[in-house]
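First the structure, then my questions, so here it is.
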Amino acid sequence: MSLFLWGLVIIFVGGLASLINGRRAGLASFFGAAGAVAGSITAVIPAFKVFLHGVTESFRLNWNIPFGSFFVQIDAISAVFLIPIFGLSAIAAVYGAEYLLAYREKKNLGAPWFFYNLLLIGMALVVVARNGLLFLVAWEIMSLSSFFLVTFEYERQTVRQAGLIYLIAMHIGTAFLVVFFILLGHHAGSLDFDKISGVPSSLANVLFMLAIVGFGTKAGFMPLHVWLPYAHPAAPSHVSAVMSGVMIKTGIYGLVRALTILGFPPAWWCWVLILIGAVSGVLGVLFALAQHDLKRLLAYHSVENIGIITIGLGVGLLGINMNSPILAVLGFAGGLFHVINHAVFKGLLFLGAGAVLHSCKTGHIDLLGGIIKRMPWTAFTFLIGSIAICGLPPLNGFVSEFLIYLGVFKNGMGGGLEAVIPALIVIGALALIGGLALACFTKAFGVIFLGHPRSDYAQQAHEVGPGMKFSMVTLAALCLLLGIFSPLVIKSAENVILEITLLTFPDVQAELASASTVLWNFVFVSLILFGIIGVFTVLRKLLLSGRCVRQTVTWDCGYAQPGPKMQYTATSFAQPLTDLFKLFLRTRKDISHPKGVFPVQSAFHTDTSDISEKYMYEPAYKWISLLLSKLRWFQHGRLQIYVLYIALTLGILLIWKMM
Amino acid sequence: MIYALLLIPAIAAVLSLIVRSNIFRRIILVTAAVSHTVITITAWNKEANPLLNGWLMLDKPGLLFLTITSVLFLACSLYAFGYLAGESGRKEQDFEEGIFFTNAPAAIFCACLLAFLTTMTLVTVSQHFGLMWVAMEATTLASAPLIYFHRHHRSLEATWKYLLICSVGIALALLGNFFMVIAASAPESNDKSMILSVLLQQGHLLNVPWLKAAFLLFLVGYGTKMGLAPMHTWLPDAHSESPSVVSALMSGALLNCAFLGILRSYQVCLAAGLGRFCQDLLVLFGLISIGWAAVFILGQPDYKRMLAYSSVEHMGILALGVGIGAGATFGAMLHAVNHSLTKAMLFLAAGNILAVYKTKTTKRVSGIMTIMPATGIIWIAGFFAITGIPPFGIFLSEFTIVKSMIEQGRIGIAVAFLAILALIFIGMAIAFLNMAQGRKDDSLQIADNPDTAISVLPPLALGALTLMLGLYIPPVVNNLLHDVAVIMGGY
Amino acid sequence: MNNAADTIMIFLVLTNLTLLGLSRLGTCIRIVAVQGVVLGLLPLLLNGWSLELHLVFFSAAIISLKGIVFPWLLTRALRDLKTQREVEPLIGYGTSIALGMVILVICMWLGSRLPLPVAAMSTLIVPVAFFTIMSGLFLIISRKKAVTQVLGYLVMENGIYTFGVALVQKQPVLVELGILLDVFVAVFVMGITMFHINREFDHIDTDQLSRLKV
Amino acid sequence: MIILKLLNMVIALAAAPLLLGIINRTKAVFAGRTGQPLLQLYYDIWKLLRKGAVYSRSTSWIFRVGPVIGLSVALIAAALIPFGGLPAVISFKGDLILFAYLFGLSRFFTVLMAMDTGSSFEGMGASREVTFSTLSEPALLIGLAAIAKYTGYISLSQMFSSLNLSVWLNAGPAFVLVGFAILIVFLTENSRIPIDDPNTHLELTMIHEVMILDHSGPDLAMILYGAAIKMWLLGAILIGIVVPVHSGNALFDISAAMLFMILLAIVIGVIESSMARLKLLHVPQLLIGATTLSILALVLILR
């Protein structure tokens, strides 16, 4: 435990050092990144130990504020979240050290590094905190520092807007958590988590709903996700990677922690989770499909993947509820493994997006194209990330989805309607999500990296430097390794699952062992696949070696002058699907048709604004503003009226209270 | 010791009227402030002797509010030291309307500031209801010229409203005093004095209807001064038109003193077994104030007025906290401390902003972070602190209050409270963030970095204090707050 | 029961109603002055005209302040103001008197709800004092001019005094003097402010004093 | 046993191109033409393998690696699918999910290859491909889930080997529904009429064919062969569900299955000859219909 705390201290000191050296960009970056990396490595060691051995470590210190105690603990659940937090943050820090240097002329780099390291500490503390107040403080440190990171480029109006939305969403979410912890603490008589036991079911129901809203806002459940598509694109890319990859997972962590505290789950909790997961998953990917901005697209994919994770949790919870070890173990294993996987591939994708942004100065998909030739490393790693996020074998994304599938399939075999209906929903949702994700990422990768450059932005693309490359390659390698070694990972997850499900040890062990056997098969298939691919590649080389291989133009159907502008765009690529789901997307189209014999100008523009934002939050805000502006009549500057208020108040009080 | 507390600023006030040299006058101001604070701090260690048959005494609540006042005054006097160097007696052009006006002479300003401190000190140390009333009225009078520092018609209007509304309110409080006397003049009681400790001893003998009426009058009367809605109407005008130092003092110290007035009468009611009666009223006014403030904070075009409305909000929270009772009382006391520190910090920062941007319109200010980073950081930190975001102190106090609400099963109130706070957060976030972050206005002709140590350090120190109170409450402070909470019927 | 006290109370009611119905500012000031003088005599009256030194001193102070200094200050302010000498009500005179009657009834009821724990000179004291306070407030609310508002404040103060002097005995003189001093300073400061307003706006209509809002 | 498993795979790999020949021959018969030889696809592949290649300048390594991956995936998938009662080479719990997702992988690369050329025709085809496959995936998976529910197994080999013709007595209606759903999936995934028209290379109607416009030589051979295997595998699933002949005699079962495969090809040919291609806008409806059929089947089986 002390190693862990020392790690945090190192991170903090690094941040502080870079804050002090803010004017010297290179030094600031070095201190910030070095602190983050060294501290993460130090602090992740105990996390790994706990994960593998399942021995909980704790540390308690009196804290001189009301109800507070500095009570931290690493158990297996914490460890599962700590490992990606430290891992991704360290990798992203290396990336950031190079990425931020682009701003060295305009910006003081001390602040972003300070807040980056603070964000890292906040996340780590959230996951280990075992006192309600400490949790809330850490939670807000995390939110605030990420807010400052989101508004790094605050000169831009859109960035400020994003920061504002983010901040407000976080604040409202935290309000729910405040109530959550107070109610919990009231029941237990203390805000320390270890004092809580036997929550009565009526209270548990309330607490569950509070947790869903409070943690769900952070995690990005539909329709609480509105901040996500704003905040992620606004932040510097390595920060987006961390925010999307691990920070929103603290919401998932909170939910998992809450579930372990709240006792036996009634069925409706499971249904709520599964439905939220399915809705977030499907709608998230649908909205992603309709986006034109790469980082915004990725942000919506975070909503989608949170949906998948939530489906996993819901399935696992259902397993507890139905007393089905298969479902419980596979659901939670799949969900939590997806937490790690998503951290890896989403981190990778955001870093890739950052590299594109860094060298092309735009994230608008339809302005890019053909940069695979100029940025081969970025393109390759982005491709790996895309395959992983689509849940395609043989990479890690497939494994976690596979486990969830396997759980509902297996469970559905044995049970009746109550087992089959969740299976039906989960299979339908996951299959649809898979298909749509594939559409989305073929669109993104295809339009950005393949074909011809569509604008000058894409023309100026150049490969990024070694730091950024290293980070991306590392994450890409992790995508593969986590896929290949998934059986080992799953097998070692028994402590975690045990802590969450409260099942007996043999049950968990047996289920995990059988899951890992299945996964070995998958690994076997994957290895063969690689083998065959290798063989065919060699064969193809041999076949073509002596022959005539020519380069020419793309087959143009006889039209002699195809320009880059004639390529299929991202918008047109996604159009059949967005049309199909226009009920949800409500894409607005602005067309100005070509007119006349020699048309000069015509334009087509689509805009898909968020459905919940447009039809829930905006009208609500508008109504409240209207109401308030009406009420402002009360203070109209006349002294007489003001005295009248006093007189009336006094009169009413006297008459009322003296009655 | 109490004499020293009262006499030092009083004498300094007279001195600053006499002294000719400007710099010397400023030194007097700061010296008086420092010595006042030093004596206050010694009062923490050594109990001060009661004086004048117990008319003047530093009990725990008095000590708490005296400390707040003293610390704030110290910070403000340091800030004023720099402020007066540039501002006083100068002819200036008004940036809102372009009219020309002069500022009041520094002598009057300093004297009134010190007199203000004297009267506020008197409020905190007086144990006699009549004397406290006198002191309270005197604070109004001492501060009126301060509001009229910039001599133009808007500040005049604000002064006029302040004077009249507060006078009406205080007059009602006087009536409350008389009612209290009547309530205490039951034939059985032998000591009919208006000294707090005597009244508390004879609580059970007090006449209930008269005491109730007296509390109502105190609530409305001192509530006017404290800024509880709907009697708060003078507050945004006065705060927005007066110099920022004065706004900081009024918001952070004066309002608290008025609150102390209400608390004193609440103490008597508690002794008479009327606790519930008072608490319900406090909750009611607390909620009205918070709600009313929210209405005006959202879409507020003037940032100083926004801060003023935020004061209304926080006064509402204080009332609400005491009204909820139990643990919330402690929260309310802690909140009083935190709010004063934070609000003063914000007003001082607002002063810096005003000096550079020459406008109070929120929309016309942007890019503070770029132009004056230190003030920008204070502004943002102050925003987070005032809206109750950890790790700042207000989070803790609000948390304690909400916790107590929920524990008492007053869920409706808790939900309303949190919802309104969220609204206020939204309103303030929009204004503050755009001001601090936004793009720098290129038309602005500004020297390199207008921040100076004297303009930045005082608010920064206040911010550091409130940050500390969010992370660590020293045991001494904690004990005092708890003692006060126990006195006020909570824990 | 003390008939003299009752008489004074009824006198107060009548003067208040007159104030509500009067249009001339000068007359209003004079009426308030008379009220002040009568109230100044009240402490002596209540103690059966026993000429104790501090009572006499107190009475003299009140009479000189309320009967002489305040009216003089206000008249001066009025003189500086060369134009209108009308009260300029926001609520008409007739309506004002009618509302005054309603307030009177409410105050009577309120007085019945608050029985005095000790025997008092007159049963009318509580309702009449309330009524005077409310009349003062009403004047502040319903009249435009700053002078009238100060006048209203004074009437209100008079009402509170009625309470204080008639019901609260054996209070230390120190407090009473303090109170007196405060009121004096308040009116003085208000006077100064009015002077400034006068200079700044060339009038003392509060209509123009409503720029600060929302 | 291992030999039987390998036999299964060998049959798939060897006979796959034949299906297309049969389909084309059937269509020719219906059109009154002689038609191409049954083994035309074999000849094509052989010819292409011996050729050189022409690449567009706008393409990258994606364009070159795609065919390899497509074919490799097809081969691996062939190892997962049982045929005619013969167990698959590889079988484990949940292999049906892997099967579905493997084709996702190959589709991913097919689409990217099309985008790599920068041609708007190929982009259009890619766009349609992802649209329709998105919708066919739930139909396939839920259809298989229905079968899994019926048999109680979740590995393809076990599922199919535990089926026999008696299912038609026990759960006939459900199997009709699943059969139709899988048939639609089969037609979609293999780009057949009424979803796609494999014969109209250069019109705005096509999907799969247009995506491979720019491929040539060995690359095209690999793509064609991969597509043929895919058709075979989906066909194997279809007949495994609809006509599960399990006598216990492996040889008989295989022959029966072969027969049914040929029959299936003829049916496809008939369908293609007798139907017009659907309007593109109606394809999603058909696919959603297929999903509905699958769900209905699952519910029926549950009852």
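So that you can tell them apart, the chains are marked A, B, C and D in the order they are listed, and the count of residues begins at 1 in each.
Please note the rule applied: a contact is a pair of C-beta atoms (placed from the backbone, for glycine too) under 8 Å apart; a residue touches a chain by one contact, two chains touch by 3 or more.
Nothing here was measured: the structure is a model prediction, and the numbers come from that model.
Undergrad: With centres defined by CA atoms only, which chain is the most remote from subunit C?
TA: D
Undergrad: Between which chains do we find the greatest number of C-beta pairs in contact?
TA: A-D
Undergrad: Go ahead and note the Å separation of the Cα centroids belonging to subunit B and subunit D.
TA: Chain centres of subunit B and subunit D, defined by C-alpha means, are spaced 78 Å apart.
Undergrad: State, to the nearest whole Å, the distance from the C-alpha centre of subunit A to the C-alpha centre of subunit B.
TA: 44
Undergrad: Just curious, how far off is subunit D from subunit A if you go by their C-alpha centres, in Å?
TA: 36
Undergrad: As a quick test, compute the distance in whole Å between the mean CA positions of subunit B and subunit C.
TA: 31
Undergrad: Considering subunit A alone, which of its residues make contact with at least two other chains?
TA: In subunit A, 632, 635, 639, 643, 646, 654, 658 touch at least two other chains.
Undergrad: Give me the residue numbers in subunit D that touch at least two other chains, ranges are fine.
TA: none
Undergrad: Do you know which subunit B residues sit against two or more other chains?
TA: If we look for residues of subunit B contacting two or more partner chains, we find 160-161, 164, 168, 172, 209, 213, 236, 296.
Undergrad: What is the complete set of touching chain pairs?
TA: Going through each pair of chains, those in contact are A-B, A-C, A-D, B-C.
Undergrad: If we count contacts the way the header does, which residues on subunit C are in touch with subunit B in the complex?
TA: Within the complex, subunit C contacts subunit B at residues 113-118, 133, 137, 140, 146, 149-150, 153, 156-157, 159-160, 163-164, 167-168, 170-172, 175, 178-179, 181-182, 185-186, 189-190, 193, 196-197, 200-201, 206, 209-212, 214.
Undergrad: In their shared complex, at which residues does subunit C touch subunit A?
TA: Residues in contact with subunit A: 90, 106, 110, 113-114, 134, 137-138, 140-144, 149, 206, 209-214.
Undergrad: Using the touch rule from the top, collect the residues of subunit B that touch subunit C in their complex.
TA: Where subunit B meets subunit C, its residues are 128, 130-131, 133-134, 137-138, 140-141, 144-145, 148, 151-154, 156-161, 163-164, 167-168, 171-172, 174-175, 178-179, 181-183, 185-187, 192, 194, 207, 209-210, 213, 236-237, 240-241, 296, 300-301, 305.
Undergrad: Which bits of subunit A are touching subunit B when the two form their complex?
TA: Contact set of subunit A toward subunit B: 63-67, 133, 136-137, 140-141, 144, 151, 154-155, 157, 160, 163-164, 167-168, 171-172, 175, 178-179, 182-183, 185-186, 624-625, 628-629, 631-632, 634-635, 639, 642-643, 645-646, 649-650, 653-654, 657-658.
Undergrad: Show me the residue ranges of subunit D that touch subunit A in the complex, using the header's touch definition.
TA: Residues 49, 51-60, 62, 64-65, 67-69, 71-73, 75-76, 79-80, 90, 92-95, 97-98, 100-102, 104-105, 107-108, 111-112, 114-124, 126-128, 130-131, 133-135, 137-138, 140-142, 145, 148-149, 152-154, 202, 213-214, 217-219, 222, 280, 284, 291, 295, 298, 302.
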